[in-house]
Amino acid sequence: MPGTLRRTRSILDFALASLLRRKGRNAALLGVYTLVVFVAASLVFFTQAVKREAHQVLADAPGLVVQRTLAGRQDLVPLAWADWVRGLRGVRSVRPRWWGYYYDGAFGANFTVQASEDAALPAGSARIGAGAARILRVKEGDLITLRGHDNLPLLLTVQGILSSDSELVASDLLLLPREDFQTLFGLPPDQATDLAVDVANPRELPTLAAKIAERYPEARPILHSEILRTYDAIFDWRGGLLVAVLMIAVLCFAIFAWDRAAGLSAEERREIGILKSIGWETSDVLLLKLLEGLAVSLTAFLSGCVLAYGHVFLFSAPLFEGALKGWSVLYPRYRLVPVVDGYQLSLLFLLAVVPYTAATLIPGWRAATVDPDAAMRS
Amino acid sequence: MIEVANVTKTYHAGRPNAYTAVDGVSLAIERGRLTVLKGPSGSGKTTLLSLVGCMARPSSGRIHLRGVKAAGLPAAGGALEITSLPERFLTEIRRATFGFIFQHFNLIKGVSTLENVMLPAYPLGGDPAALRRRAGELLERFGLSRHAREPIDRLSGGELQRVAIARALVNDPAVLIADEPTAHLDSHLSEAFMALMGTFKEGGRTLLIASHDPLVYDSPLVDATHELRDGRLCGKASA
Amino acid sequence: MGRRGRWHGGLAAAILALPLAAGQAPSAREKCPVCGMFVAKYPDWMAVLRFKDGSALAFDGPKDLFTAYLDLKRYAPGRSPADVAAIEVKDYYSLRVVDGFRAVFVIGSDVAGPMGRELVPFAEAGDAAAFLKDHRGRRSLRFGEVTAAVLRSLP
Amino acid sequence: MRRSDLFLGLLALQLGLFLAMLVYARRAGRGVDPGVAECRRWVAELRLTDLCLFTEARYTRNPALADLHTPFQDHPTALEHFPSGTLVAPPPHLTSPHAWHPAPNPKHP
Amino acid sequence: MIQQPGVLALLAASALVAAFLALAAGFGLRILRRWDLRSGSDLQLALERETYLVSTLVAFALAAEVVSLFLFVFTADGLHGRFAGAMCAAGTLNAAPGGYATLLLKVANCLLAGVWLILNHADTRGYDYPLIRAKYAFLLVLAPLVWVEAFLAFRYFTGLRAEVITSCCGSLFSQGQGGLAGDLAAWPERTAMAVLAAVLGALFVAGGVLLRTGRGGYAFGLLSGLAFLAGTASLVSFVSVYLYELPTHHCPFCCLQAEYGHVGYLLYGTLLGGGIAGLGTGALMPFRRRASLAAALPALQRRLVLAALLAFGLFALVVAYQVATSSLRLGP
């Protein structure tokens, strides 16, 4: 065994020497490769982390949200529904929610306005999310003006700003007392946006949803598990789409690698001929080519993953911010809790290292089977 | 040591560009002697060297090696028949038995002198420190120590050949094969080369040189000469 | 929990009866004396058997509690049904701890507990009847009606 | 110093960083992150249902509560709204009536 | 079809491996038909060179298969949230036809590719290519299996639709359920333990005999195969139960998760390694009398036997440790 090990190390020595001799080209290859791994790994890390974050953060979300649809669009829910739902077995509480969107043309931001049940929030005051405060450039005690449905301005004193730790769920929130919410949007008093239902035993949720849907055909109950599944689906589905796009990049890269390995220069061909003439065997040359490939792909894989880790978890994925933000101006500042597991790593390995190795396999073999006497006959 | 019986080598057999480089050659090379293959270029000398040196397999005929140690191979009456062995085994025999000095030196550019000398031993998996020492000693013996760390590109023709010789010796082969060794040397260096061959012969190595340089085949060190023309032996072997 | 808990699991199981305050959640390491599962993983199904001396056994479901209660010789040697001070089970709908002696249990429903088919406990007979209808239950039983034969009918 | 030693050292360094990243991620995943705890508090208090990642439209701000017939979101595979629209697909419960959910199976670890 | 990064990567890898084996099989067919060692013709030289390519291709395929085997289980495990009723990989694999078949074929192909590489290694030790026909005939069997696997994987993943109601491992691997999985789970624990102990015991005896006398290689190979099967079956039947300390939980996938210290990798890794080495030993037996292998083969077989015994021994130790330290007591 030590013989095999020493042979591998000696051949590795030579593999590195031959990589170093073509510094420029191999550095370019390594750079592109690392970049591909970096982008793929960033994407995978980011989507997995957001998925898990969503699961953790939304663990205490309502067990069931009951909406009403009118001609296929979401509509206000009559408060009478709440009373009926409250009477169902297993329901612990039913809390109507009043919330909506408010577009502020001056700042170009889309805020989420929600009525707060907090008694400590007197009429004429508001509590706002950290991102909203940033956009509006206000601090505690300042005044903000919202334009009501009746075109009258609604003046609110900022009574508090939500902590920056909560930005992932509350960055764009404007929390208003219920009266102000109703004034702002002119909501009928006996209706709410939707109902948040909590149950003691989550096992009972599907049964409850079925009962509600049966009683109110226009109701749309959304289960807690469906909310969580939405985030899985979002980041798997379109994450997969991006990976499909990325795979084209990987493919291009593999073709590049193939070309690079197949288009051996006369110089390299001569070198392999020399090696074979001085006593290297086909499998030695194959090993040489394999080690050359591994040296590049392992370096690229490891550094790409580590860089992606830094990008996503230390710097909150600034490269994706543009894509996630869209044309909105509000973007939460958050730090994701690192998630790296075997699934992601074996996925990245399969996506990054395997195609490259595959692409260089046959050219490597072709190079390795140069006739040993070719060097003599040249 | 080496017996070549009725060996033919045809390249591209069955195709329009088929070409028989060696045609029915039989000869014997004896241990500890200096044998020269002479003939004009294109006469099949190089091909015959590559057949004898286990680099290629003949299209027909037999080559037997005597006194070669090879694990896992059958040796009938001490002679090893190498004509139909897989490349893997041919390589194993080759690197244990033969050292090659090529016409164009065949050194690898961009790699240091020392490493060039060590290269043939890499696949053997021997102790790297011992190998380095051995290569260093060889370089010292040929007066190349000060170039050990330099890339090969900066060396002169004579130095290059001495590096090539050092490389041929690094696995301590029983047979040295040289193909047109003096083609790129001036007379002075060619004589020095032959003197060196003389010391190897005294050291007990078998030498096989292909050349059309009179300085080589007329040298008093030569024990036997075989003349090749158009792939066939012509005339009697002179001993 | 998980692995770390397991290394100490043997220790915890050795101490069979632990004092549990009323309604108090069992420790993460406490295991069901019948099947050996971690009780804390299934808080919704937890059932507790309290003895008069203050000690208690926690189970991961009413089924295992009944298995033990009907065979105390085996699961709590040296004790008899007369030593039992209270039985606590969790009402399916409210998940509140209720008195097991007075609870109603539904069997044969489509709701499965950690050990498969379960006796689903209810504080109120009305709840049990509604559950029986919603979840296609077979029948509801009072505490005294639960026998070894009933347990055997629950795989 | 051989080249292979240098390279293996470099590789070991990278591998070390890589493993450190794994170990750190596992440890970070185990404890409760203060940010996560704060978010959970607000989710519980305000009965929130969604992350505030994309705020440009209502179906991206609250993807789990999106309408079946939101403008632009007329086909699941349409790239209706480029940047975040590529990330946000209609929630799965839109495509099938959730009321037919089967009773959940027994939980296991 | 579910567009998930893992699924895409798996399909791409399957396609790649299938293509590579198609290539290898093509070369194999050519070698089987045209091989003539006595000839020094260009064709023969080209064929000999192709053997290097084929072994490289198969080695690559094995490596890719092993990585994708893990990714397959990970992906199936990660997807369970998308299917109502699925709680781990076991449920996801049941959500569309072909899930289990793909997994089983993946495992079988890993084993076969491993054995092929062992044959190939032995072949390169002989100066007259002693196994050349056997190994390429074998390759022609292996390649269609890989194609079937790729096809099944494709069908499985395209057949996956979210919202499919599936059974989770709780119902799949529970007693009283029909089918192979249910039967395995219903296997009485003591019988399963006894069978595993007997097979492993016999394996060690056979290994000892083989090491000492060089006889009984076929028996050893057969027993290795049996030990692989018995080991897998015992994982479903009783090891899982002790491992999870849940008397009803027979899932063979949960043990891969962090909660159980990833002990599943050790168990499956040792089983797979032991199976490959043991079956390889058996597969080499017919060639022992070849003159060209007389020197090399016994040494190779010894190494393989030692490796197989080491792997299965480790497996047995881990299982014994799990059972001994588990605080689960079964049944009334």
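Per-chain residue numbering starts at 1, and chain names A, B, C, D and E are given in the order in which the chains are listed.
Operating definition for what follows: a residue touches a chain if its C-beta (ideal position, glycine included) is under 8 Å from a C-beta of that chain, and two chains touch if they have at least 3 such contacts.
Fair warning: this is a prediction, and the values are worked out from it, not measured in the lab.
Chemist: What is the minimum number of touch steps required to go from chain A to chain B?
Modeler: The fewest touching-chain steps linking chain A to chain B number 1.
Chemist: Is the C-beta contact count larger for A-E or for B-E?
Modeler: A-E
Chemist: Using only Cα atoms to place each chain's centre, name the chain farthest from chain B.
Modeler: Of all chains, C has its centre farthest from that of chain B.
Chemist: In terms of Cα-based centroids, which chain occupies the most central position?
Modeler: Closest to the centre of all protein C-alpha atoms: chain E.
Chemist: How far is the middle of chain B from the middle of chain E, if each middle is the mean of its Cα atoms, in Å?
Modeler: 48
Chemist: Please compute the C-alpha centroid of chain B, do the same for chain D, then give the distance between them in whole Å.
Modeler: Each chain reduced to its C-alpha mean, chain B and chain D end up 67 Å apart.
Chemist: Please compute the C-alpha centroid of chain C, do the same for chain D, then give the distance between them in whole Å.
Modeler: 37
Chemist: Roughly how far is chain A from chain D, going centre to centre by Cα mean, in whole Å?
Modeler: So the centre of chain A lies 6 Å away from the centre of chain D.
Chemist: What residues in chain E touch two or more of the other chains?
Modeler: Chain E, residues with two or more chain partners: 49, 82, 162, 170, 246, 258-259.
Chemist: Can you list every residue of chain A that touches 2 or more other chains, as numbers and ranges?
Modeler: 9-10, 13, 17, 203, 207, 229, 233, 237-239, 241, 282-283, 341, in rising order.
Chemist: Which residues of chain B are in contact with two or more other chains?
Modeler: Within chain B, residues 87-88, 128 contact more than one other chain.
Chemist: In the complex, go through chain E and note every residue touching chain A.
Modeler: Against chain A, chain E makes touches at 2-10, 12-13, 16, 20, 49, 52-53, 56-57, 60, 64, 67-68, 70-71, 74-75, 77-78, 81-82, 162, 258.
Chemist: Show which residues of chain C lie in contact with chain A when the two form their complex.
Modeler: 44, 92-96, 111, 127, 130-131, 134-135
Chemist: For the complex, give me every residue of chain A touching chain B.
Modeler: Touch list, chain A to chain B: 2-7, 9-11, 13-14, 17, 21, 267, 271, 273-275, 277-284, 371-373, 375-378.
Chemist: Touching chain E in the complex: which residues of chain B?
Modeler: Against chain E, the touching part of chain B is residues 11-14, 57-60, 71-74, 83-89.
Chemist: With touch defined as at the start, can you tell me which chain A residues reach chain E in the complex?
Modeler: Within the complex, chain A contacts chain E at residues 43-44, 47, 228-229, 232-233, 236-241, 243-244, 247, 282-283, 286, 341-343, 346-347, 349-351, 354-355, 357-358, 361-362, 364-365, 368-369.
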